[in-house]
Amino acid sequence: MSPTAADVLGAGARLAAEAARFTALGWMRGTSGNLSEVVARDPLRLAVTASGLDKGELSAADMAVVGPHGEPVDIDGITPLKPSAEAGLHARVAALTGADAVVHVHTLSAVVAGLHWPGGVRLRDLETLKGIGRRAHDDEVVIPVIANSQDMAELGDRFEAAYDPATPAVIVASHGLYTWGATLLRARHVTECVEWLLAYKIATR
Amino acid sequence: MSPTAADVLGAGARLAAEAARFTALGWMRGTSGNLSEVVARDPLRLAVTASGLDKGELSAADMAVVGPHGEPVDIDGITPLKPSAEAGLHARVAALTGADAVVHVHTLSAVVAGLHWPGGVRLRDLETLKGIGRRAHDDEVVIPVIANSQDMAELGDRFEAAYDPATPAVIVASHGLYTWGATLLRARHVTECVEWLLAYKIATR
Amino acid sequence: MSPTAADVLGAGARLAAEAARFTALGWMRGTSGNLSEVVARDPLRLAVTASGLDKGELSAADMAVVGPHGEPVDIDGITPLKPSAEAGLHARVAALTGADAVVHVHTLSAVVAGLHWPGGVRLRDLETLKGIGRRAHDDEVVIPVIANSQDMAELGDRFEAAYDPATPAVIVASHGLYTWGATLLRARHVTECVEWLLAYKIATR
Amino acid sequence: MSPTAADVLGAGARLAAEAARFTALGWMRGTSGNLSEVVARDPLRLAVTASGLDKGELSAADMAVVGPHGEPVDIDGITPLKPSAEAGLHARVAALTGADAVVHVHTLSAVVAGLHWPGGVRLRDLETLKGIGRRAHDDEVVIPVIANSQDMAELGDRFEAAYDPATPAVIVASHGLYTWGATLLRARHVTECVEWLLAYKIATR
């Protein structure tokens, strides 16, 4: 079923508030990063924060609506906004993982970790791993690191090749971090835990 | 005497505000950590922040009430919430130390320090030691470090074995920090001073 | 055309809010830094944050108005305030670059980077470079570093000699950072991205 | 002339607001540090933040009033509060330097710098030195470092021996930082600039 304007604006209000929170943490500097929520499946529709705006000052209406390939989709009662190129990757992440919320932020830790461990960031025996759905003991976790690209199809292919259903995060080297969750709140918590883990890994290397 | 709903909600309001403060400092990322206040002794009853919620967005009612082994206790007028597994350790800390407030946070400094000094973090000749009840000169202070466990009885045994009545903090390696105080405000101040001391120790090693 | 008091106060309100934002980020410690907006061209007129005031507590009226050489200019209905010595450099940056907003902040990263790379800070293959108008791949970017001076004519000459139209930032060694943009919001975003890039460069050297 | 209750409460309101600001910066962790303003000279009287309270939650009345040796002084209409031991050092700093505001904070940078450079922290050729009343070029600045003591007379003697009228800051090793200024706002700005300078010095050693 097609999403309504109310569905999009409801998601938009949540996404705007969450983006302001991430901005205050310094994780969406400039106009970087974008957040999305699935507003319909079959066909897939996502509300995604619009391109080029300050992520600390979004309103509920500052959202693009896209389909499975990131293409803009018109919704009655919603002024269409241009999606960022990365909206297509959000859609692909949502389709692949089944997650209803996707977070993409430009955290310094993610890019530093991607440089230090281009083959993936290995983590184990840390309580905070429970915060991303893994075990605190005897569980080898690898946050995948994929090479950056401006070609979203290529980047999506790399994402799919690296994707591990047990690990809700992927680092894009020289770029930033993708995380996801069943809800936007869950994606927030995953993002915070991944950031903690990466900061720990960098501080103790 | 059994605590009343008002006792629990009063403690809950204080715990929620304090958790929001620690969250803003970045010390309760994801849904990590928990805070508690003793609401009765004989038998021991604690209000503990509920499991799985964002620690920056708790309300006074988002508290579990537990007994000496972390078991849930029903209170008239309070909707029972599931305590986290760690609630039993909070109760044991309160019983052992006599403290009426226990803080457990996942600070990066604590886990980094636990890795660097698995035998305990030695500190001396620092004015900030006065903030945890020790002397600023000629007083060798060791913050104990214990190994992590998912078995709360085992973790509690390690805590008791490591416990020094003169030092209101214990680091759980690969996990986080426990501190305590006569009041929640005192436990806040102890936590802040321990964090300062650990950051200093790490910065100057 | 000569700017009106309303032009100056409008710019002043934006500059005061932006300065408070930068102050909260710790980038305008003490009374350091200044922000400006062009309020007229032909002849050039800028509103510049006044000298010696706390940059977190400015009002819209705490602005000096200067001409192309940083000389104070009287505007009907505006109480004249003493411009800082650096106002002349702001005017020169606005004239040279065509930017309508200039940011000067004393960020630690800029001064640390200026010490490490006195010949310019080389950056390439980073997504955040797109935030300053460059490409994320195969584009060698150099943030120029110029020597500090108390003589604004000399500092301006160094600025002009180092200026690269493709790079909206210059580091003044032992001093701070200049950035600019078509609008104050754009200058904010450039400043944030440059800060991110410098922090990354320092963290990975 | 003896200060009135209004004088003390006026100073108290300013000191409480300033202490909350420093607390938010993380510079008064636990209950550490104290701020003071001179409320009378001849004889010297200071309002000083009271001992043992959270410095982020003071009210205008949470001030002790002391004389030249830190002894409590009764003021009509003011409930006497116990001054901290350090109040006597505040009074001595105010008498020696002529400053009407004294800041004492426990910043990590100050204690780290005191450890690295026990003979004093040498700084030169930095624009931010202008923020503490020095020159940005060819001016060798030394922030004195004195040994800590619990004996305020001894600490005061060390302060006087190290004091340089051209440098409005002294580091107490293993303890924290003292700064001062003609007004509390000026002392804030000096404190911020000293912190910037120490952070820079540590980051580039």
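When the chains are written out, they are named A, B, C and D in that same order, and each has its own residue count from 1.
Assume a contact is a pair of C-beta atoms (placed from the backbone, for glycine too) under 8 Å apart; a residue touches a chain by one contact, two chains touch by 3 or more.
Heads up on the chains, UniProt names are A, B, C, D = Methylthioribulose-1-phosphate dehydratase.
Every value quoted in this text rests on a predicted model; they were computed, and no experiment measured them.
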Next on the checklist: Keeping to the contact definition above, tell me which chains border both chain B and chain D.
Outcome noted: none
Checklist entry - Between 0 and 180 degrees, and as a multiple of 5, what angle does the rotation take that fits chain A onto chain D by Cα atoms? => result 180
Item to check | Furthest chain, CA centroid comparison against chain C | outcome: B
Checklist entry - Could the interface between the copies chain C and chain D be described as same, meaning over half of its residue numbers are common to both, or is it different? => result different
Checklist entry - CA centre of chain B versus CA centre of chain C: separation in Å? => result 46
Checklist outcome for this item: Distance between the CA centroids of chain A and chain C (whole Å) is 32
Checklist outcome for this item: Each of the following residues of chain C touches two or more other chains, namely none
Next on the checklist: So with touch defined the way it is at the top, what topology do the chains form here? Options are line, ring, star, complete, other.
Outcome noted: ring
Checklist entry - Which of the chains are touching one another, listed as pairs? => result A-B, A-C, B-D, C-D
Checklist entry - Mind pulling up the chain C residues that touch chain A in the complex? => result 125-128, 131, 136-137, 185, 188-190, 192-193, 195-196, 199-200, 203-204
Item to check | For the chain D and chain B complex, residues of the former touching the latter | outcome: 29-32, 54, 106, 108, 111-112, 115-116, 148, 150, 172, 174-176
